[in-house]
Structures are given as structure tokens and as C-alpha cells.
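Right, one structure below, let's go through it.
Per-chain residue numbering starts at 1, and chain names A, B, C and D are given in the order in which the chains are listed.
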Amino acid sequence: MSAGPTSFCGIELAHPIINASGTFDAIAARRAFGDAVVERFPFSAYVSKTITPAPRAGNPPPRLWEEPAAMVNSIGLPNKGAEGFLSTDLPALADLPVPLIVSVMATSAEEFSGLVEAVSARDEVAAIELNVSCPNVHSGLIVGEQPSETEALLEALRPLTAKPLIVKLTPNVAAPASVAAGAEAGGADAVSLINTLKARPMFAGKPWLGAGSGGLSGPAVRAVALQQVSDVAAAVSIPIAGMGGVESGSHARDLLDVGAEVVAVGTASFRDPLAAERILIELRGLDPVAASSATSEL
Amino acid sequence: MSAGPTSFCGIELAHPIINASGTFDAIAARRAFGDAVVERFPFSAYVSKTITPAPRAGNPPPRLWEEPAAMVNSIGLPNKGAEGFLSTDLPALADLPVPLIVSVMATSAEEFSGLVEAVSARDEVAAIELNVSCPNVHSGLIVGEQPSETEALLEALRPLTAKPLIVKLTPNVAAPASVAAGAEAGGADAVSLINTLKARPMFAGKPWLGAGSGGLSGPAVRAVALQQVSDVAAAVSIPIAGMGGVESGSHARDLLDVGAEVVAVGTASFRDPLAAERILIELRGLDPVAASSATSEL
Amino acid sequence: MAASAQGETGADGRVLAPLGRRRSAVVANSPSGGYTLLTALDPDGPLPKAGQFYMLAAEHGWGGGGGRPFLPRAFSVADATAGETGVRLTFVLEDVGPGTHELAGLAEGDGLLLTGPLGRPFSPPRDVNPGAAGAILVGGGIGLAPLALLRRDLAARGFPERSLLGFRDEAHSGGLELFRCSELRLASEDGHAGHRGYVTDLLAVMLEGDDAAATAVVYACGPPAMLEAVRALCEECGVAAELALESPMACGYGACFGCAMPLRGGGYMRLCVDGPVVDAGAIETALVEGAGHR
Amino acid sequence: MAASAQGETGADGRVLAPLGRRRSAVVANSPSGGYTLLTALDPDGPLPKAGQFYMLAAEHGWGGGGGRPFLPRAFSVADATAGETGVRLTFVLEDVGPGTHELAGLAEGDGLLLTGPLGRPFSPPRDVNPGAAGAILVGGGIGLAPLALLRRDLAARGFPERSLLGFRDEAHSGGLELFRCSELRLASEDGHAGHRGYVTDLLAVMLEGDDAAATAVVYACGPPAMLEAVRALCEECGVAAELALESPMACGYGACFGCAMPLRGGGYMRLCVDGPVVDAGAIETALVEGAGHR
């Protein structure tokens, strides 16, 4: 375990704490907190919220629910679409002092190809994360639920870019390790997990969320994340970005201990925009080497 | 939604609150609390801990871990084996004032057949719950992860007994509804869910549990249970025993609202052996019909 | 890193929040009618603007017996004064669930974790209506909170303002001490104070004059049904209005996209960064599933 | 349904618990050295036997900021006296984690939820060794808790007893006031009190006499390493002993099968119903992963 500089599928990071996709909007945060967000950016890489080929408004409200030690969201990937993102957001994100990872999702290999090519063409982008919880429009199978579909998608995308491709795995399968192995076989450079667990909060006899169902995240899923990261680490040799309920340095260390190379902080940032900074400091405290060498850096 | 007398796959129950397998040992509870356990039994049916053909000692300690609003267990199905259970425990359980459901697990269809026949031969038994989170010794596939394996197992067992067969589904699959549909197609009379989510707590750099991994239960999984019960209810017409993190009458009502016929209380009983009694009272308070007719019963 | 009490301001006049969650200490917490007035001393924060809000959590005990509250909760700032030792922030809250219950139980000296001020504040009256001659503040229930600070600001700038406050019943009322020097009219559904009926009845009377559209500006906050009545009334009379809306929020700073508010013409805004104060013309209805208390 | 203060007893002399969790009220909670003595009034419970334990949870705040503690925690009863208004139960606890931290912070009048008494108590000396002439109580750290009640019982019955208590250091010691009238010898690893070294050094000296095997009976409670030393020593000297063990517990009444303790010869017992007091001969070692504090 190291809390110091880390290399993640070829990207050099100052430390192993990044953000989870969809849980930190650096542009909006700058509206709320000003330039401090750029000056004191708590993550060693910035992962964008997932973008899709066309703009999406997202799901109808309510989109949030609170569970014991957890939350459920059904945001529905609102985004400006690839063009809007690349023309408006990406230039603004280039101000950040860290490498940019762009998360993308599409509903067919063709659409995915277009996205990967467009995003990959931009120098500001260090790597691309593929959010594959989408149905294959031909087979009808959910790509990220099937090792073979995931492998086939990666085989189609791999030749299109020299940039690292990170596959974001869904936790809602019997064997995430098999899907990860499919991703590796298809040429992925890394995998990231876990995404949220499918959940359906009820209120007064009806589903609460506008979309009916959503995804569970936060401390409640932490032990599930450790299981899945551990299983995936045993099955692949590409690096892993581990996440799920990380709230402290020791939680981050646990994920590194089961085989993650970097750790992403998601829900914890909602409670405190600087949660990741605290988590890194705590992680350094647990790592004697980093603790001694890094005192002046932060 | 009714909090009053309920019929569940042909078994008449005084109310819809039962226990989850492996979370209440009526015989041990009698050692701790005396005959009050029988006189004031909080469940409308008693589901035994899962038994296997041969005796099992269970997993090495530690077997328990606590997570935020949840626990992880790796008990490993300790039990006396079918013979020990039928000769020693079943006669003692017959004292309980409610129908008995015996949970069974085996590692092949042949072993399952032997168990079902032996258990079914006993008049004390009202129904049999099949815990199918086991690998098929021929195909190597986990039975409960595959709709076809589940269907095949039920087809083999169905002719062996006239008693209701309840299939306990695993939540660690992409589509529990498909597995439930397989169970129904094979002749199951009911399904029960959710079992625990695979989890791997770490402590000081190592897995904490003696067995490495375990299962997450308690309030943290409640919204996941609602999702899965809701999905299964949409896919099958056989009745459902819903469970997962139920701690109050309103949690029980939510499960009934998404399609469960009865609700099982598991982890909540560890915190209070009479949690189920309170949950029933609260559920009655939410159901005006039962509230008015049942005041004198409890 | 502490921001000065003046505070940096962003594009739409919002005061920027210091980055990160910080600790403040409760200096007073007392019931006011059916509500609770919670005052904390924020040593490092800036002076907020009326209409802005803070994400609050108790330093200890957040998590409760059942594991909730888990997320922080949003509260409009109802009063704010800068002093030597920091900014005194006052919130008005109604104990309706696990989060407000924990906050209502805090004692002097207890830690209150906060992020803020957040969101878009109320605009100056002449930005809303260039001919504005007087502001009408319309509050429903706990919605009086942001109007209290707005009223104080308008009064301090000598801008004519009148406040109309409505309450369901006596148990659901309080916080009137924050309006002490205001021209104030009350309505209550049960008739325990002022006009028996809705606060929008009072507003309707007030907007009857011919010049309302040219000279009035309405600022409103309250439950969705009341805000919708205000919105419809102002639209009908052609009166410019700003509404302070609510929505479930996880983060309060644009990170989660959870606080979606439907826009007139389609799509959503994020209420925490594009609101909570919105131009009444920007929305088609204030009645949104999950918005507001109850 | 309240059990009488006498209490029904089960097969092995255990006092049965009233079914269900009940509320008691804290009547005192104060530091004692590095430990905390928590006393609560249990209006409906029976008098427990020494060696039995209760599952405890604070009525409020269980759940904390991080969602833990979630499960109740097991505590040996250290003192129990029946009075007009109920049974006063005293527990000794060390603040080592979220559960003990919440309990250590309770104030007079706060609610303490409890289930118990649970488990198998210590056996009378002559049931352990028919020739028993004197009992030696050996406690390590917080393990003194169940021995305090046992000592009081033995003394009340006029049975000769001596207590040997060992502590790591001053910060990890306390509760000695519960042994006030005892013949007491202390050991401490840092030498702050009594013999510098382990409490088992004192025990070894005491068991040196030829007749120890015939006349002594040892009752011990403490951390796994200390209990293992006691077990090995008693085995070597042929001295009968009962050990009060610990294990993670979810329920305390046999429901979860979580508290597995390996048996000599294979298999496991459930420590909550088959223990926590066990015959030293029943186990091969007291060193079990996850058992005990640390």
C-alpha cells in the first residue's frame, strides 16, 4: 500500500485518491466555492460525470433518497452530450491541476466508437472510462453484465484510441470478476468498481424516486465493494480503481489492501466537499513512508 | 396490504410476519428465555436454520463483523445434519404454536432429493425451503444463479413431495426475477428473498472473517431487497416471502406493497428477540382493518 | 483559508462558500412557537446573502439509532450578523424528521458542521422589476426563514417592504420575532392568528391595485402548494416574483445532480446552484414530486 | 411478564432472561481508573448469576455518526443487588470502540436497552472440584468484571477466595473498588501496582503447593493470551478451572451462531448459550481469532 505518487494504467498521479464519476462537478463546485476548488483540488485525477452522445435531461424528480448509512440516487445521466461537453466543459476542466478522465456511455458499439474517437482526439483527456451498464441494441443483453459482450465492446473500441480505457463494472452481477476478465481480454487498461447497487425505496405505498429505481451508495456498500474488488483483483492483472463507501483513510487502505491501485471517493464528497483531502491525510498517516515524505506537499 | 391472517402457499398463518432462516433458533432461545419463547412466539411460522444431509461444524471464527447499519456473517451452515435435526430438533420444535418450515441445502440434485423426502415424511413439517446458493456438482454452475439450473432442480424435487416448496433466492445475480421464473416453471410454490449480499470486511490488512467472505444483512440492504422483491413480483405469480433489513412495521409494509405475501425478520431479531412482535404491532397500526379486529389477539 | 466576513461574490451576486465543511458552535437553540431557532457562531465564514442556504449536520450523533440522518440537510439562513469572533448565523427549523430532530436537540456549545453559504440569493428588487417601488414578502410556514434576512436587508437599505406570513395552525408557526419591525400581516388556516385562510388570500388583495404589475415585486418561500398559488397569482397579475424553492439535496454544491427542478419549456435546473431562488417565470409549476416538506 | 427478582433458573443453574429487550435507566456512570463503572436500574429483570452477561445498547444515539454501533454489545455483570424498585446492575467497561464509547458517555437517567441475564454462569466451587477448599479468581484487565460478582457471592457464602488481578498499565486498570473486602494481589506489566509482570506469575506461585490439584479451583477472565496462560498452567498442575471467554456476538441468545468457540476434539460451541463460562478442559486453547478485545 502506498499513499504517495501512483501510476494508474500509465497516468502519473500525485496520490491514489480520485473522485468517483458523477459525484463531483468541478465546474459547479467553482460556482459555489470559487477558485479554491482549483487551488486546493482534493483529487489526483478528475473523473467527469458520464457523458452520452446526445444531450440528456436526466430522470424526473425526486432523484434522491436516504437510507441508513447510505443514499439512493436515480439521476439518469443528465449531460450536455458529447459535443456540448467537449466544447464547453472540457476547456473549463483543463484548469484543474490533475489529469482528466472522461466517463462515457452509449447504447451501441457504433455510438461508443464515435464517443471514444471524439473524446480521444482531445489532448486535455488522459484516459476514458467506459460506463457499460447499457443494453446491447442488437443482442438486448446488458453489456456490462456479460463477459463476452464486454470483451466484444472493448475489441471494437481498443483500436480507436491510444489512451487508456477503463471499464466501470456494475456490481449487480453474480461474478464481476468474469466481466473484468472479459474487459481485460478485450484490451481494457484498467477496471473501476463498484458502481451503485440496484435499489427501490418506497414511500407511502409507492416508489419514491421519479424513475422508480435507483442505485445505493455510501458506507452501507463498503463491504460489498471490498468483496468485489478482491474477486476482480484475483481475476485480472490490469489495475483497479476501487470505490464504494470510502469515508476514511482506513477504508481507502482496505481497498488498496484487497488489490486496488487507486481509490475513488464518491458519496463522502456530498457530506464534505473536502472529504477526499481528509481521507488522503488519514491514508498517509497509515503509510509510514508517505507520512514522512509528504508532510510538506499538502 | 393486510396485517391479519394470511395464507402463504397453502399454509394458514395468523399474520404475515415470519422469521428469516438462520436468524432465530427457537431451541436455543428457550434455553435463554424459558417457555416464554413458546408462549409468546413472535412469528406466524418458524423457519429453521438451513440443514444439510451430513452434519456441519460451520466456518472457523471470527464469523461476525459489524458495518454501518449492517452486519456481515460467515456462519457456514453449522447443523446436526438431516438425521440429527429430524430426530432431535424437530420434535422439540413441534412445541411451537405455528407451522414449521424446514430450510434445506445440498450439493447435488440426488442429495437434495434425499433431504426433501426425509423432511417431507414428517407430519410436523408444513413446508420446505430450498436454499439453492450451491454449486451443481455436475455443471459446476451455482444452481441459484442460473434460471435453468433452478428449474431443473425443482423439476427433480417437485414429484417427491406434496408439501409446498419455497425457493430461497440469492440476491447476488443480475436478474433474480429470471431465477424466480425458473423456480416457478419448475414447480416451486413460493420464493423467498433476499439472502445476504456477498461482502468481505477487512481488518488491519487482512480479511477479518475466518472464512474470508460473508454476507451483508440488516437495514443497509433494505432498499436492495425492495428492488429485488419488486422485480420478482413482476415476473412470477407464486407468492413471495420478502426480507432484508426489516426493522419496523413500515418496512414490512413496504415489502408487502412491492408484492410480498409475508415478510421475514432476520437481523432485527438479534438486537431484540421480540423485534418481530413490535414490527407486527406497528404493521397493524398501519392497516386499519387489522388494527380494529386484532386488538385483543396479541 | 478562512474567507473574510465580507465574502467573495460570484456572478449572480452569490457569496462564495469557503471550500470544505467546517465546524461552528451552537450559541443558542430555543423553541419559537412550533419551530426552533438555531443560532451558531461561524468563525471562518463570510456573511451570506438572503436566500442562500447552508448544508448542516450535527457534529455528533448524525447517524442516529437507525443510521439516519446520513446526508447533511439544507437550511436557509434566517439571520446573519458579523461580529469580532465570527458570523452569527440563525436558522429556523421545524422538527419533521431525523435531521431536523437532531438539530433541534443541539445544546449551546455543541458542534454544528456546515458548508455554505450556498446557492443563488434573492435579487435586488430593481433587478427583478426595474420599476419596483415596494417588495411584498410572502412566507408559508417555515418558509419565513429566508424572508427574515431579506426583510432585514431591504429595511436596512430603506426599501419599502411588507411581509405576509401564513401558518397552518399554532403548532406549525413560529419565528415571528425575526420580523419584529416589519409591516406584517398574518394568515392562519385555523384562524388562530390574523386572517383565517391562506396567505395567498392576503396577497391577492394586495395585488388588486392597477399598478401592481409596474411597481410590485414579490419574494416568496413556503410549501410547494403555496408557492404554486403565488406563482399563478403573480403570473395572472403580471407581477414579477422570485420564489425560494426546496428539493431533496445530497450535496448542495452541484455535485450530485439530485436537486432537479423542472424548467418551463423542458429540462431541469439544479436547485442548489441555479437556485434555490428562481425567477417565477422560469418554472411552469412549483408543484414537484418530493419537493418541500410534505 | 416481568420476572421476579429471584428469577427462573435453567438446567445449568443459569438465570433465565425475560423474553425481549427492555429498558433500564442509568443510575450512575463514572470513571474508575481507565475503565467506566456503569450502573443501571432494571425494574423488571431477575437477579443474575456471576458469569452471566447482558446485551446492552444505549436507547439513543446507537448508530453514531458512522452508522456503528449497530448491534448490541455483550457485558458481564459485575455487581447486582435487588431492591424495591428493581435490580441494580453494574457493568465495568473499557472505551475501546464505538459501542463502549457510547455506553461510557451515558448520563444518569439515560435509557439503557438490555437483554439478559444470558449465558452459563460460573459453577459452584464443589461442582468444579469436589474437594475444593478455596477459590482463586484470576482477572486480566477488564476481565475482572464477572469475577467481582463471583467474589461477592463466594464471600457471602463464606467460601474462601483470593483474587489475583493483572493490568497492562495504569491507563488500563480500574474497578478495584468492586474487590474492596477481598484478599487481593495485583500485578501490572509496567509495575505501577503490585508485582511487575503478569498475573499468571502470581497464579503460578499459588499453584506450587502439592495439594493445589486436590483443593483449588480457579476462575479466570481476561484477554485471550492471559486465559490461555491460565488454562495451560491449570492443565499442567491438574487444577480444575472455569474460564469466562469472549467472542464477537450479534444476539447473545443462540440465534445467530456467530460466537463460535472451537472445542477440544473438534467442532464449535456457541459461546453465548454454551458459555461464556466454560470448563477449561473443554477447549484446546483460549487463543481464537477475533476473540476478546484486541
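Descriptive notes on the structure:
Keep this in mind: a contact is a pair of C-beta atoms (placed from the backbone, for glycine too) under 8 Å apart; a residue touches a chain by one contact, two chains touch by 3 or more.
Bear in mind the structure is a predicted one, so any value in this text is a computation, not a measurement.
Across the two candidate interfaces, B-D and B-C, the one carrying more C-beta contacts is B-D.
For chain A, the chain whose average C-alpha position is most distant is D. With centres defined as mean CA coordinates, chain D is found 55 Å away from chain C.
The distance from the centre of chain B to the centre of chain D, each centre being the mean of the chain's C-alpha atoms, comes to 34 Å. One inter-chain figure worth recording: chain A and chain D are separated by 48 Å, centre to centre, where each centre is the mean of the chain's CA atoms.
Shared interface positions of chain B, i.e. residues touching 2 or more other chains, are given as 65, 67-70, 219-220.
Residue positions of chain C touching 2 or more other chains, listed in rising order: 63, 66-67, 70. With chains as nodes and touching pairs as edges, the resulting graph is complete, every pair of chains being joined.
On the side of chain D, the complex with chain B involves touching residues 1, 8, 10-11, 14, 16-21, 57, 63, 66-72, 113, 115, 118-119, 247-262, 266-268, 270, 273, 288-291. Here chain A touches chain D in the complex through residues 68-69, 219-220, 247, going by the rule given at the top.
Interface of chain C with chain D (complex): residues 60-67, 70. Listing the residues of chain A that touch chain B in their complex gives 1, 65, 67-70, 72, 142, 145, 170, 172-174, 197-202, 205-207, 213, 216, 219-224, 226-228, 230, 245, 253-254, 257-258.
Of all residues in chain A, only 22-25, 27-29, 31-34, 36-37, 40, 49, 57-71, 73, 75, 78, 208, 210, 218-220, 267, 269-274, 277 touch chain C in the complex they form.
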